[in-house]
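Please read through the structure below; I'll follow up with questions.
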């Protein structure tokens, strides 16, 4: 089996360390470099890295990627903080290195990506859609980022399909009883000791309902998504935003 | 088998008609009178009714019950609108007819009663409790009456047990994201076409969660509770408020 | 709005009658003929039917379709009993009428179709998959046809993706405890009073699970699928097997 | 606050070590002795232990308990292997030490105990009951011990209430499709990567269902039950079998 030579940036962080473990355990990958703050990037070329996984920080990730693109090393990026400006910069850098690929993935959970994609595909077929996200009570924000993103994708899909507004006859309600409104979709955030990170998308029409639920119990669950990125980025030049583009959902 | 002779008041209403059907189908009951607006109550005594089921209206139910108590006929009451004053009146009337029983039941759904009782018993053992109620989108109020009642019972149970406040680290939230606060318990109301009436009580502690869910799909589900009342009221003199007192939950 | 002229065959049957209602209520459809046993098919041409919905019986459906294809009327078919031989006959008949379309749909439930499609797409990403189907206790077969079909689609998708066998360390089991084996997928059939027709596909991997659940509460839920067929068949000449081909899932 | 002085036997085992941690963290408990193989039991008396928690092995637990009872030390026991003979022995030993208490608990999960108790209480009110247990795929037995125990408790409750047999019209079934039969109750065992230990009891009647679900994600969830035992055993002389007797469920 041909081994993919992988370098990890941010190797001492929680996600980076997990990635090192996952790469070492993968039968078709070889961990050739684990770098963190203070290390020199040219260790990547010395080690012959073909793919870099970046779990660093918004302040340094753009420099890392510029260097990787310049040296023709593909990159799988879990670091946050990408806006349209940063994406445009990457696209222009990649134009000069046409065989190099960069994946920016806001979410490496394959299950979360499937849930969002399925919910958006199903939404135009249903009169009603709501989201319930459930997390541990130490979480500081509500609703979760995944729930907001899911609501936006659903709202987009419904707008595109010309769906009617979701029915709701509520006239008397206690404050908050009907959840938050995210782009026209109601989102409810449950906080409960014992839970980790869970989400349910409920879709309903006359006489039937469809429920898509994702339960995430451990950070290890992100590694399947990271490895999927590592395996596919070599044959996907250019900029890709979102792991869903590497999944055969079409 | 000894047959219980049953009369129905409000026999032409939705619940009354359903009760007539259920009494006729029950092997141990005999429907001896079906009365509605304009009928004379003394048809009940002529027919030998031992138990009356009242699904009438708040304006007439007190007169109906005064008459039944006076004539020693037990009553099972689904009509709404009972406050402390009305209950006191009934108690004083029943004092003069010590072998007669009256059951006032705000909820005849055995499943809903079990859910509420179990939730209240379990709540002091858990750090967190939240309620999600789910109904069809034509419902005008949120949260549902059952959800409010459940929250109150849970809050009472926790106060009595000296439970600590439920943890919630939320500092940044969209309006409504964390649901309504009913007596310190968070309640979320989902509205979805295809649903009828459903409720989930979620209880959580370190490493485990307990979920109690009730799904009510049809009005027929109340009839088991009405018949339970009919069968037990003959041996339960005095005033009883709540079907739970006829269930062997203790 | 251009109205689609629709005729219904088997209009007195349960599904046919429901279809008549649904067509009448649809803003873009006009019910121009409702035929049942003994009626003449040429009432369809007289009435100008563009689309026929057939909910008849296996013994007569092939004659109905031959007649429709000959007269250039599109058909949406819910009648059962189609094997490869029948499909081949239809394909050859349609070859002579290239602008006519026939949809054979074993399942008109949009939710069931979505569940099956999503489950098959997700299955290769997960180490484990199992199916739990839940129905009323008067059902005579177990597992349900939908559950078997779902298992087959999942097994096909996993074979194609080269997925490994699903792990199961069970060495000591009571007879039946691990469900039925349908093409390598474990399927469990629950029978419970109060339920109608429900199914859950559970997919699991390290640290996460994805659950897709469909709840079907009423026959009316099939009508959205029938109308989808009616609306699309006019622009889909030839033979189509399965409602999923009319849904934008790709 | 008065501190309860606690000794742990089997302190180096998984459950014993966890117990030591939990006792140290509890505001009202003091860990005064942690013993394992080779240690002398009289360290317990020297340290003034009032309650002993025993997570040892079936071969040694009876000697440990004889010694504790003789020295008037209460015991909370999670070690397995207690049959009627052993319980009889303990009862007779306790008769000579009337102020000492011993709790034998086959299951320290408060949630599992609540699920079992609630299921048994609810079962006589429902026509149908089934159990679905869900575990990781490395489990070797099916169904789980908790599922079997739940089925037995449900079957006992239904027998006592004179419930009719559970309806099931199945005439054609794939082998295993309807699960295992445990004392007349159908039990289904799902095995899925990503799951830990979960169980759902489904109860159904005309038009409604009640579902009680327990999700156990971590061994730490047993500690609340162990501490409940430690706190109550001092005021509960004699032999108690089952944590449910220390919970205010009546």
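A, B, C and D are the chain letters, set down in written order, and residue numbers restart from 1 in every chain.
One rule holds for everything that comes next: a contact is a pair of C-beta atoms (placed from the backbone, for glycine too) under 8 Å apart; a residue touches a chain by one contact, two chains touch by 3 or more.
Chain identities (UniProt): A, B, C, D = 4-hydroxy-tetrahydrodipicolinate reductase.
Worth saying up front: this structure is predicted, and the values here are computed from it rather than measured.
S.K.: Among the chains, which has its CA centre at the largest distance from chain B's?
M.R.: The most remote chain is A.
S.K.: Go through B-C and B-D and name the pair with more C-beta contacts between its chains.
M.R.: Here the pair linked by more C-beta pairs in contact is B-D.
S.K.: Provide the C-alpha centroid distance between chain B and chain D, rounded to the nearest whole angstrom.
M.R.: Chain B and chain D have C-alpha centres separated by 33 Å.
S.K.: Taking each chain's centre as the mean of its CA atoms, how far is chain B from chain C in angstrom?
M.R.: Once rounded, the distance between the two centres reads 41 Å.
S.K.: If you average the Cα atoms of chain A and of chain B to get two centres, how far apart are those centres in Å?
M.R.: Each chain reduced to its C-alpha mean, chain A and chain B end up 46 Å apart.
S.K.: Which residue numbers or ranges of chain A touch two or more of the other chains?
M.R.: Answer for chain A, listing residues that touch two or more other chains: 194, 203, 205-209, 215, 217, 221.
S.K.: Show me the residue ranges of chain B that touch chain A in the complex, using the header's touch definition.
M.R.: Chain B residues touching chain A: 126-130, 132, 134, 137-143, 166-182, 186-195, 202-209.
S.K.: Could you list, by residue number, the parts of chain B that touch chain D in their complex?
M.R.: Those residues of chain B that touch chain D are 109-111, 114-115, 118, 121-122, 124-125, 203, 205-221, 223-224, 247-250.
S.K.: Within the complex, which stretch of chain B touches chain C?
M.R.: Residues in contact with chain C: 194, 196, 215, 217, 221.
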